[in-house]
Each structure stands twice: as C-alpha cells, then as structure tokens.
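Each in structure tokens, the structures are laid out below.
Each of the next two complexes has subunit A plus one other chain: subunit B in the first, subunit C in the second.
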Partner chain A sequence: MSFGTGVWSNFSKRSTSLTVSSNKIKQGLLNAGLPFGPATLRKRSSRIKYSSPIGLSAVYPMAYEILELESSKIYETLSRQANELSMEQKEELLVRAEYHNPEVVFKSHFQTNSLDRTQPVYRRYLREKWESHDKMLLMQRLESLHAIPDTLPTLDPKCDVVLRFPHNNVHTTVEPGQLLSSNVTKKPPSLEVVEFDPVPHDLYTVLIVNPDTPDLENDTFSTTLHWALKNVPISSSDICIDALKLQECPERELVSYLPPVPDKNAPVNRLVVWVFRQNQKELADSSVTREFFDIRGFAARNSLTAVGAHIWRSGWDRNVPNVREIYGLPKGRVFHRVRR
Partner chain B sequence: MFKSYGSALPQSLSRGLVGATKQTPTPFIQFVRGKRTKKYDLSPAAQKLITQLSVLSASRKQPKMLKLCPEDIVKHNTVQEAYKLITRKRKKAENEKLKQQYESMKLACEDLAKVSPELFEAANKREISKRFSLELRVPTNYPPNVPWYYDYTPESPEDKK
Partner chain C sequence: MFPWSVPSKAAAPGAIYQSIKQSFLTVQIRTATKKTAGSKTHMKDSAGRRLGPKKQDGELVSIGQILMRQRGTKFYPGENVGIGRDHTLFALEPGYVRYYLDPFHPKRKFIGIALHRNIRLPLPHWEPRVRRFGYVEITDKFDSDREEGRMRRKEHKLFPHIEIALKKRQEARLEKKQKLGSQLTTFEEFFAESQEFIDIASSRLVKIDGFLRGGKSITEARFYATYNFRYDLQLLLKKMSITETQFDLRLTQYLTVASKVDEVVTFDSHFRLCKQLSSTQKEELAKSNLSKIQELVRNRTVMTRDTRNKVETLIDSPAFDISTQIRLRRKYLKPVVCESKAVSSTKDAVIVRRWNDKSRRIETISRARDAFAPS
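Up next is the complex of A and B:
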C-alpha cells in the first residue's frame, strides 16, 4: 500500500544506514510478496522449493502501513518538542520510531556485524543481544574465577568488551575465561569497547592485571600490572583500541605491555582486563607500579568508573622461556609440584 | 516414495496402491511414503491396543514445521507487532470510554444527591424481590438504530376488552 511513500523511505532527515543495502532483500521486505524470491537463501534449489506462508502477502502491507504511521507520529513529536526533551527521552523516542522498521529488524537480526553504532536503534538491538548472552557469560566467568572480589569488588557492566589477540590473522574473539598459550599472548591484544549509552565522546582507561603472581616472602599472591592505557578516546564510530591507536599517541600507554609468563607448577594465572570511564577528566594520579599494584586504590584516586571487563587465563607451557627471552625478562622460577 | 510408471492418471490424487480402473487395465502403481498399504490381520483386541498406544503418542500426528526464510520471519514479526499495536489501542480506547461513562454516572448521582436528597433516595431505593428491571438492557457494541421508544403509553384495561 504505502511502500516507498512513508517516513521509513524518506532519508532526508534519517540516516541511510536504516535501510538494507542489498536491492533483492530490500525489495523482498518492501513488497507484499518476494519479487526476487527468497534472496537470503543461498541454494537455488532451496529458492525454487520455497513458498511463503499463506496469507502473509495480504496482511503484511497493512501491518507495514500501521507501524509506519505510528513511527511518523513519533518523529512529529520529536520535532515539535525538540527543546523540551532530555537526551535520554530523545534517544528513547528515536529507538521506538525505528524499532519495528522491517529493514532495521532484518539488519539487526541477520546482519549484526555491520550495524551502524551511531544509530540509537542499532545500539538498542546490540545491547539486547549482548544482555541475552555475552553479558551473563562474562559475569559468570568473572565470578566463578573469583576475578571480582580479588581485583575490584564488583562490576556493573555497561559496555561490551571484545578481546582479540593478533598473533595470527584469524579474527576469533577470546571467550571470557579461556586458557591461552604464551605464544598467543606474547603480543598486546586489541580491544573493542562497544558502548550502548548515548555517552558523548569520552576518555577511557584500560588496565590488565594479574592477581596470581606468587609472593614468596609473604606466602601469598600479589597483583601485577601487565598493561595500562589512559585517555583513550572511544566513540560509536571508532571502538577499537589497538597498536594503531597507540602509535598515533604513545603517551597514552602508561605501562608497556608485559606478556603473561607464568612460573612452572604455579597455579594458572588469571589476566583480568578492566575498562574504565574517566568521566571526561584527566587522571588525577597516574603513577603506577608494575609489582604489587593496588587496582582499587588506583581506581579510587582517579575516580574511575568500571564499565567493562574481560578475563583470560595463562598457564606455563614450554614456550614461556622463549617469550621471556624475547622480552629480555629473567629466567623463571620452577616451583615444587603440589599434589591436590 | 512417489513412484509412477508413465503419465499419471487424471484421478490419481488418491494415494496408496492404485489398482485397475474401469476404463483401462492399468499397470500404473503409485507408492507414497508414510501411507499404510499393507493389511495386517490382527485380532480386535490387538488392534484396540495399538489404537490406544497410537492415541497416547504424537507420532505422525503433528503438522509440518513451518520453515520461513529470513525476510518472511521479519514480515511475520512485523504483522504480529502491528496486530499487538492496534489491539492495545482498541483496548485502551474501550477502557477509557467505560471509565468516562462510569465517571459521568457517578457525577450525575452526586449532583442528584446534592440537589434533591429525596429523589436521590427514591432513585436508589431497593424494590423488594426485584433484581433486574424490565428496562435493563445488556450493553452491546451494536445498539439498535432507535435505542429508546419515548412515546410508549401503557395499555388501558378498557382497550383490552
């Protein structure tokens, strides 16, 4: 009925990322039937065999019109009350206006990797996806590995932290709590910090701490700082923290990357990545020590808010002496095996 | 497995083992997967038991799972959302109407109580053994075109004679 005439086809005030780029899929969504067949099905035989549910083509145009009308009313409200609404209210209205747009829904469910994070509706869909699985997984891993009381007291995660190690060209992400070899962790990781709140351009601090360094004098463990970055700018369009970002501004690196080099027969080391928001301020006291690092004190002194975390584990393997050699570290200790 | 020798007969929508028709002594045999074509000679008790077991299980009685392509999944969800939206609006409007009707009735009664307490009491007086008045009508979405006949006069006893 009203395909192509309503607010969802008008891109004068809306971003072009709110539409599907492939023409066949777009025509499949913006017509009663599927004019090019089911373009998302790969095999030709599947496409030939496929038939849409009975009655969908009769009722879908009506449904589209109803939802588009509702969306246009929301846009009108936004333009009328532009000055009276707060940023959160505007964000909420923008999300509601596009939440049921079939093209947006298609992109959010079937093209999640290429979503435009500057759009509130896509951020909402990304947040829902994160909250349905990855957030819970992260909290479970942090709690079961006791990273939470052992480093910072707790975490209220506000953003998704994606960890990758560029030791080879494979783009796999690290699952929280994964055991990684010393070969993988010998080079600094690359992080992606996906923010869901409409936070303005802000500065972030990243710390990687290891709470399992053996402290023989006191017969306990101490925390070592493996990597510290400050004043890293993150925005919706630019979420990556990697070597490239550090090259352009070397003073962002407070402490250079020290790879995890566990001692033989010592317990498996946990490496916890903490991502903090600096709340638009410079760090009050950026003095850090690698050994016996007090992360709680550091966070308190600089009034940092922890918004995201990640964790991996490193154990001794036969490549650890090589990594020590590469970094010019002294030879490692060999502990007596403890029978559990 | 569907299996046919040569062209199918026009009436061959029947499944199972098709025997010879009156017109032509046909050599065509059609097999269809899942159809009972073999006759088992069972005692009535055994057959009854089998039927009972069959009733308890859902095997072969379920409709086929609908497999939708991603576009149709999105379209289906769009239709569901639109329906939810209009139902919500309709229910909200109905609730609002009922609320307004109740409020206006309440206001009218309060006004009556203030203006004329005797009439108010008379209006609220309980008539013995009366539960529903003859004039009471069940609220309906489609009231008649002429809702009330104002010019009614009761029959006089002389007219009856």
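Up next is the complex of A and C:
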C-alpha cells in the first residue's frame, strides 16, 4: 500500500546505495506479489513454476508499511535530537532505521561484495557475516597454531583482515593458517582492512612476524620481523593496504619485506600478520631491528591497539634456495632430519 | 538327667566330653537332600597392572619415557607431555618432571616437563611458550648438500613430471610472447619500433594476460606488471648486480615502453589483443553495434546463418565487456525463436512435443524449420 511513498523511497536525505539497482528485483521487492515471478530465477519456466507462500501477498505490504513507519519515526528522532546524541547512539539509530528495509536486506545477503561500507547498516550486516564465520575461523587458527600467545598475548578482533599475494596471477585470498609455497610469498602481500566501527580516519600499523626462527645458541626459537608498515590511512571507501598505497608514500614502509625462507628440516614457520590502530598518533621512526624482535614491547612503546590479525605458514620447498638467491641472502642451513 | 548337668567328681575329663557328645552332639537329622562337596576360591581378581607414577617430581627424563600409568586421566598431560591410547603419560621433551595444578583448568592435576630446572609450572598463561629447538645443524658441506637434495618417495616419483610441466609452461609463455610480438607489429603505432621495444612490450603483455586470466582488472594488471618489474630491478640493485645508472636506464626504458603500449593496445573480454579505445569511443562503438544488431534482427522472424554470423561478430567487439556480451547473446541469438513467430503447419514443419508449465501438460506443436537457429 505504501510502496514508493514512504521514507524508504525518499533519497533526498538518504544515500542512493540503500536501494537495489536492478529494476526487476526492485519490482519484486516493492510489490504485493511477484509480477514476473522471482527475478533471481533465470529460466522463465522456473519463474512460472514458483508459487509464493499462501497469504504472503496480503501480509507483505502491511509489514512493509509498519516497518517503514517505525523507520520514519527513528529518522524524526535523529533529526530532532541531532545535537544531544553521541556518535554511537546515532550510529545505532541509523542501523535500526534501515535494518529491516527489504532492499537493504536483499543487498546485504546477495550482493555482499558491492556493499557501501560508508553506510552504518551495511557495516552492521558485514560485521554479522564476519562474526558468524570468518572471525571464529581466524581465532581458532590463531589459537590452535599458538600464534597467541607466542607473539601477542591475545587478540580482540575489531576488523576483518583479508590477505592476498597480488604479484601472483592467482587473485584469491589466503585462508588463515594456509601453507603457502615460497614462490607465492616471495613478494609482499596486500591487505584489505574492513572496519565495522564508525572510527574517525585513523592511522594503522602492519607487522608481519615469524616466531619460529631457529636460535641455535639457546636451542630455542626467536621472533623475526619480516615487514613493517606505519601511518597507513584507511577509510570505509579505501580499505586496501597494497603496493599502490606504498608507492604514494614510500616512508610508510618502516622495514622492507623479507620473504619467508625456512631452513630444510626445521619446523614449519608461522607468519603472523598483525594490524594495529595508532589511535590518531603518528608513529615516530623508532629503531626497529629485524632479528630478536620484541613485538609486545614495540606495541606497548608506541601505544598500539591490535584490531586484526592473519596467519599463514611457510615450509621449506625446493624453490627456497631460488628465493634466497633473488634477495641476495646467504645460503640456508640444513638440519638433521632427526630431532635430538 | 539333663545333658549339661555336671557329673560326679570321680569321672575322668575325657569321659565328661564323651558323655555330653553321646547325649546331643551326634543327633543328625537327614531330610531328602543330597549334600555335595563344594568349595569357594574367591580368586576373581586379576594380577596387579603396576599402574601409578613412574617418575618422581624433579626427575630428569628423556623423550618418550613414561611418567604415569593410569586408568582414565587421574593426571592430565601438562606442558611437553603426551598421552597415549590407554591414557599413559609420556615425555615429549627432555627435562624435569613436575606435578602441578593449573588455575585455568580447575579440579585437574597435571604432570608436565619443565625444560630447565628453574622453570616453575604452570607457565604464565599469557606469556610466549618456552620451546626447545632440538635440531642439529649439518655443518659439513657435502652432507648438507646431500641432505638438501634428498627427496621423499612421493617427490622423487613426481619430480620428472614436474620438470616436464615446468618446461611446457615456459615454452607456452615463450610462444605467447612471440605471438603477441607479431600481433603488436600489425599496429601502425609500432611499425617503426625496434626489436628491443617489441621484446619488452611483448613480455609485459604476457604478464598482463596472465593477471587478467587470474581475475584482475586491466588497471590492476598493468599496475602489477610494472610493479613486478620495478621490484625485481630494485632487488638486483640491492644485490649490486647492477649499478644505479643501469637501474635508472632500464626503469625509464620500461616505463616509456609500458606507457606507449598501454595507450595503444589492450585485451578484450576473450583475452585477445585489440586496440585501446577511450571511454567515449567505447560508448559510441557499443551504441552503433547495438543499433546494427537490432536492425539485423528486427524484421526477421527467422535467423539465417549469415545473419547469425554477422550478429556474433558485432557482439564480439571490445566495446562490450563479458557480461554485456552474454546478455546480448541471450537476447539476440536464441537457439529457438519464440513461439509467437514461426509456428506453422506447412509440409516442412517439425513436430515438437514439449511441457507447458501453465497448463501443466505436454503439448504438440509444429514449428517451421526456420525457427531453429543455424548452428
């Protein structure tokens, strides 16, 4: 009944990303019935065969009207109390205003890759999706591989970190804990840091540490710093930390990339990627050494907050000597197969 | 009179017993039973399994030594201790046995191995683990080279196949480079260019082609082709295989070649080399192609082979990206013309039996032979 007349069809004060771009899908969402059958079914025969649940064509417009009315009330509250509300409260109200909008729900579930991250409601849906699987997977991998507490004591993940090696032809993302070949890791990775909180434009630090470097003098392991980036700006629209961003400003690379070059018969190396928020402060050039790197001390001294992490593993393979040669590194050690 | 009355003092001690025995001890009542001679042994237990702790707290143990034999987990495996299928606890590292309680796991008792005598278990929960490396480096050059070259059975069997596959890929890349080089020379902008130019340009195009096939966009592919070249050159400079002047020279040469090539050529949606069009040119070409297609298809109820080929060539242009091409093919190159047209009852008709979803029955329709598009 109220399709096209309420607040959800008015884009004078709302972003145009809160609507579906395809006309056919929009017709399906903003009508009592489905005039041409479900638009997402390709075959006409499938569309003809489909029958909606009984009574839905009567109930759906009524439900839409009620929810749209609630949303308009929330927008009124927002405009009336604009100065009294804090940022978190405003964010929460904006989310509630659009959470049940059928177009927003459709986009969040079926067009997740093209969501506008500047909108609070889409950030909320992205966060829910992340929390339902990827966050738990990351924490499980970090714990079972003992990345925590071997590097930092623990992690309270606030953002989704997506890792890939773009110098490669293969454009896929790395799953946390995946074993990668030395050919893949020979050049630096790129990260996408998806923040779900409405953070003001902040600067980020990225560290890649390897807690499995052999320390033969003490018959134990030490931590090596493989890559360090500082003062990298990220926003909702620009989430990539990649070669392009580093080319803009080469000083952002604190320590240049050292590829993982494990030794033969030594245990598989874990490479843990840590993403920190600098809390609006610029990181001064601190003297950072690669060997025997103390990540806890570094984070404490520069008052960094760990918000995201990722992990991959690197083992010795037949290409490691080639990578050493490319980087001009000395010949690798070979250990006895048997552990004494 | 009474059996227990004390007889006279004159009787002997044995006689007193005999007289009592005679009176009531020997009375036996035998009802209808058969008394069998049985015996109970109580031998229902097995021999002791020698369970219990085998190493005391503070004892120095080596790897594999058993610390505790138990039924179930009376003690749980702690730091550097493993557990077997019968819950036997054994050492995973050489060190000192420790019996301890861990506040993170209440109501449980642990046996752990402390690597050094002064380490107290449980280790602090938030600290990095104390680990032992344990491997010995092979210092002798001959032995280390031999160990490095050693292959497991699986790798050994696969190695020749891997080498062949690698060689094939390298040859394919070379072939592609030569093909792209020859295609480049057909563009008028590159008629006058040197062999070195074509060589660098074709190598770059091979890289871009690879990135596109992997799923990158054209801008990303171009960026990473340049990035990879610059990165490799920087590594050569760091290693001091080339001088600074050589580095600058090679880099500027590559960048000029790259910019020239990117201006002129690009790849279409089927990874073929084609002319680079500006966005306005692309729009115009798309519009003109679309109008041509519509004109070809408009007045025809029937698709001839000639028309079909023409429409295909128009669709397959660099103006359309892959999704647009698919949409156009679906719209204008249907394999069977829709049933409002070319339903005839002539001699040359084809009888088709097909399911009608609305009426939900099989219908028999005669279609003209022209309704089916030529392959």
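Convention: the second predicted complex is superposed on the first by the 331 of 340 C-alpha atoms of A that agree within 3 Å, B and C clash if a C-alpha of one lies under 4 Å from a C-alpha of the other, contacts with A are read in each partner's own complex, and residues count from 1 in each chain.
Note that a residue touches a chain if its C-beta (ideal position, glycine included) is under 8 Å from a C-beta of that chain, and two chains touch if they have at least 3 such contacts.
Given the structure is predicted, the values throughout are model-derived calculations rather than measurements.
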Joint occupancy of subunit A by subunit B and subunit C, clash or fit: fit
Subunit B versus subunit C as contact partner of A:216, first or second or both or neither: second
Partner chain(s) touched by A:328 [first = subunit B, second = subunit C, both, neither]: second
Larger contact residue set on subunit A - subunit B or subunit C: C
Which superposed partner A:171 touches (first subunit B, second subunit C, both, neither): second
Partner chain in contact with A:305 - subunit B first, subunit C second, else both or neither: neither
First (subunit B), second (subunit C), both or neither touched by A:340: second
First (subunit B), second (subunit C), both or neither touched by A:22: neither
Subunit C, subunit A and subunit B - angle at the middle CA centre, rounded to the nearest 10 degrees: 90
Touching partner for A:106 - first (subunit B), second (subunit C), both, neither: first
Touching partner for A:151 - first (subunit B), second (subunit C), both, neither: second
Shortest span in Å between Cα atoms of subunit B and of subunit C, once chain A is used as the common reference: 10
Touching residues on subunit C, where the partner in the complex is subunit A: 125-138, 144-145, 147-148, 210-211, 213-216, 220, 223-224, 227-228, 231-232, 235, 238-239, 357-358
Contacting residues of subunit A [partner subunit C, same complex]: 45, 48-49, 146, 149-151, 153-154, 166-171, 187, 211, 214-216, 219-221, 243-244, 247, 264-266, 321, 326-328, 333-337, 339-340
Subunit B-touching residues of subunit A, taken from the complex the two chains share: 25, 28-29, 34, 38-41, 50, 52-53, 56, 59-60, 62-64, 66-67, 70, 100, 102, 105-106, 109-110
Residues on subunit B engaged by subunit A in the complex (per definition of touch): 66, 68-79, 81-83, 85-86
